[in-house]
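One chain, chain A, appears in both complexes that follow, with chain B as partner in the first and chain C in the second.
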Partner chain A sequence: MSFSERMLKIDRRIIFLMIGLCTLLPLLYPVGLPIKISSEVRGVYDHIESLPERSVFLLSIDFDPASKPELYPQAIALLRHAFRKHLRVVTMTLWVSGTGMADQLVTQVAKEMGKEYGTDYAFLGWSPGGQAVIINMGQDLYSAFPSDYSGKSTKDLPVLDGVRSLKDVGYMVSLGAGRPGVEEWYVFGKDKYKFELGGGCTGVMAPGLYPLLRSGQINGLIGGLRGAAEYENLIGQKGKAVAGMDAQSATHLAIIALVIMCNLFYFSLRQQRG
Partner chain B sequence: MTALPFESIIGAWVATGLTLLIFSFLYKDNPLFKLAEHLYVGVSVGYVIVKTYDTVIIHLVVKPIVENGEIALLIPVAIGMLMLTRYVPKAAWMSRYAFAFIVGMGAGLAIPRTVSSFILKQVEDTIRPLLSMAGSDGVTFSMNLLNPASHLNAIIILLGVSSVLFYFFFSIEHSGVGKAVARTGILFLMISFGAGFGYTVMARMSLLIGRLTDLIEFSDASYGRPTVWLSLLTVGALFLLARRGREQPPDIH
Partner chain C sequence: MIFLRRQLPLLITLVTGLLFAAQYYVPHPASEQMLTSATKWLQIVGGFALILGVTSLFHQHAVKIRRQEAGWGYSLVLYVGMLGTIAVGLWTNGKESVEGTMTAFGWVYNYMMVPLQGTMFAILAFFIASAAYRSFRAKSREAAVLLVAAVIVMMGRVPLGEYLIPLSGDVSSWILNVLNSSVRRAILIGVSLGAVALSFKIIFGVERSYLGGGKE
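So, the complex of A and B:
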């Protein structure tokens, strides 16, 4: 058996181990590679920056713990930014499986920023229907969410003063890991009720959302852990996403090297066999 | 240093244990992985059922009817209940009304909005940048490849959209000029698949980074070092399972 043949039949566990080490070592010994801010992430940041104090910022946490590593840091960075700008933060989820996680996330960041529930922020929880909930919110927010996550009447929440529907929202960001997510918020929300919309998504979904970005259907897009790291850099509060960027770069390099080596061995074997 | 709450410590041990059990699949399929897999499915389904019951049945149906007298809610409840008639063969036909309502409403809501958002808007965006070349001060052309809004990129996008659409047009034989256009379409598709795969790799690596970050955090003494102890336990269990597997060869009958 030639060297190329042996390399092409290498035990896949060796590759797993290599990728594991390429991820683990930079996490233990970070190098701090520079992170360039992309225009799509800046789009979301700039819009939040431009909002006057006490504007209503709606954040839909449309993911569950399965996508936590990518979207949780995005949500934390966005919430920190919105709270720092003294916006009225209204949060919700269209994913029933993400309800508990979303509540924990919002409560944790609000506590860290010294914000008061009901006055500065609220978590409306989950309401069934997906796209129908968005349409319902566009007509009457209180009909879609008669009570918040803790059971309090939404009409009595000072954070929602003057807000009747999606038309009264200053800016809306959906952090989506699938459906319903960013696309539904555009199709059934922004396109119909005309509010400004930004998006955040997992890396897998990002290529599918770029057409919406280019056409101006969304004004910004935070894609995957990389997008979260860019946002953390923009707000000057580095967190888990920035910490993971060295590991991300190292694994990408390892995968590129593996792809090149695999091709070289494949062509060398083909040449040997004539 | 303040001590961590008891639930955080328990959470760390459970999360670490389940992560390691799932990771054990990378060595080979084994009962520890299956245990974690079944737990994941069971807990997820249980959580969704409880949350749905509490939000829908209690907060959106029972409370408004009983406390606020919103009798109109009985109409959607009745339509929803028709779904359950599928379990009674003689009355199963009644469920069709509920399905008809859902399909009709879903299609009515989705079709116009989807056509407007994903077809008309995207066609408009493909053509509009080309129209902007002819401005009031004559014809202009920007060549910057790095600017998504440049005219050069607009032409590349138009070429891509047209050639890919042509590739999927099977009524004409792809020969001569048609073959060249279809090949261009394939080229654009390959680039698109490559970009998609690149992003998928990035996403999967992010998930691994997330789990490893937690494992590093939970190796701290404040949690009782669950990463260290449970790693040793998992490796030990895998070793014992492998030995037992060698001693008792699988029954081939």
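So, the complex of A and C:
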């Protein structure tokens, strides 16, 4: 067996170890390279900046704990920004397995920003039906969510004063890790009920949402951990996303190095075999 | 009986299909009220679908355990996990915390479900790296183009990549915004036209496989 052949059949545990170290070391010894802000992320930020105080900001936390590392920092940054702008924040989820996590997330950020439940923010919880919930909210928000997550009547929440349906929402962002997510919010929500929509998603999903972004169907897109890091930089409050960028840089470069090596060995083997 | 099994479902599909396709273009209050009612039904049906799904899952795994098929131990774990979670969920009224104190249901969610799902997703990074090393080879011209594009996008999406090759960020952005968007849009249009054609076939009873028993 030639060297190239041996290298192509390298024990995968060596690769696992390499990726493990590339993740761990930058987390222990951060470098803090500068992060360039993309126009996609700035789109979401600028729109929230342009909203007048007490506008209604709807955040749909459409992910479960599997996507927590990428989408949780996005949600935290968005909530911090919205609370800082004194917007009325209404949150919900279309993913039943993400309900508990979403509740903790909203409560944690609201507490940190000194906001009061019912007056400044609310968590509506989860309702079955996926895209049917979006249409129902477009028709009558109180029919889709008669009560919030804690069981209080949504009609009695001051944060929802003057809000009857999605048409009364100032800005809506869906942080989606799949279906239902950003695409459903556009197709079943924005297209019919005409509210401004932004999106956030995992890194692997982002390329699929670019057609919506380029056509103006969504006015901004926060893609993966990188998007979250950009948003943290924009609001000037660095968190887990910025901390994770060094690890992501190292793993990306490690994978690129592995791909280049594998191709070098492959071509060398092909040359040997004629 | 044939009327109930075949003709009635086809008639319901035809009427509701045409009605709701037309509803989108009619902003009359009666039409909007009809949509509100229908979506309420959909939400209720969605709730029942959840029960149906859980029942079906229970049944499937019960059969596996009874017959002691390969991997029946995993089915047992699923049974214990699901029944245990349902029991604590009912006991705590579905609340993860009461007055700031974590309930048993909250404990299951926070210390079992969250780390398990997180671990499953995190493991992907290791497998992707291993799979990339083994299979991402420039075996053809098309594969080489894909490989170069992937390397540029991977470089351009991280600060270190942009630091080493400053142009990679802009090139990566161009690939995503222009090449990727146009191809995705073409695929989306194709898929959407296919969905419209299939919807018409279902509404007019040409496609009947959803009734079960194949084509007649």
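Just so it is clear, the second predicted complex is superposed on the first by the 274 of 274 C-alpha atoms of A that agree within 3 Å, B and C clash if a C-alpha of one lies under 4 Å from a C-alpha of the other, contacts with A are read in each partner's own complex, and residues count from 1 in each chain.
The criterion applied here is as follows: a residue touches a chain if its C-beta (ideal position, glycine included) is under 8 Å from a C-beta of that chain, and two chains touch if they have at least 3 such contacts.
All values reported here derive from a predicted model rather than from experimental measurement.
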Quick one: is A:L124 in contact with chain B, with chain C, with both, or with neither? Answer first, second, both or neither. neither
Just chain B (first), just chain C (second), both, or neither: which does A:I19 touch? both
First (chain B), second (chain C), both or neither: which does A:P207 touch? both
Would you check which partner chain A:P34 touches, where first means chain B only, second means chain C only, and both and neither mean what they say? second
Which partner, chain B or chain C, touches more chain A residues: C
Is A:T251 contacted by the first partner chain B, the second partner chain C, both or neither? both
Touching A:L221, do we find chain B (first), chain C (second), both, or neither? neither
If we overlay the two complexes on their shared chain A, which of chain B and chain C does A:P146 touch? Say first, second, both or neither. first
So, does A:A75 touch the first partner chain B, the second partner chain C, both, or neither? neither
If you stack the two complexes on chain A, which partner ends up touching A:Y186: first (chain B), second (chain C), both, or neither? first
Do chain B and chain C touch any of the same residues on chain A, and if so, which? 16, 19-20, 23, 68-69, 96-97, 100, 127-128, 132, 135, 192, 203, 206-207, 211, 214-215, 224, 226, 248, 251-252, 255
Which residues of chain B touch chain A once you look at their complex with the stated criterion? 26-27, 44, 47-48, 51-52, 55-56, 59-60, 64, 109-110, 113-114, 116-118, 121-122, 124-125, 148-149, 192, 195-196, 199-203, 205-213, 216
Applying the document's contact rule, which stretches of chain C touch chain A when the two form their complex? 24, 32, 35-36, 39-40, 42-43, 45-47, 49-50, 96, 106, 109-110, 113-115, 117-118, 120-122, 125-126, 128-130, 132-134, 136-138, 147, 150-151, 154-155, 157-163, 169, 173, 176-177, 180-181, 184-185, 188
For chain A, which residues count as touching chain B in their complex? 13, 16, 19-20, 23-24, 27-28, 68-70, 96-97, 99-100, 125-128, 131-132, 135, 146-147, 151, 183, 186-188, 191-192, 202-204, 206-207, 211, 214-217, 223-226, 240, 243-244, 247-248, 251-252, 255
Listed in rising order, chain A residues that touch chain C in their complex are 8, 10, 12, 15-16, 18-20, 23, 31, 33-36, 38, 64-69, 96-97, 100-101, 103-104, 127-130, 132-133, 135-136, 139-140, 143-144, 192, 203, 206-208, 210-211, 213-215, 224, 226, 245-246, 248-256, 258-263, 266
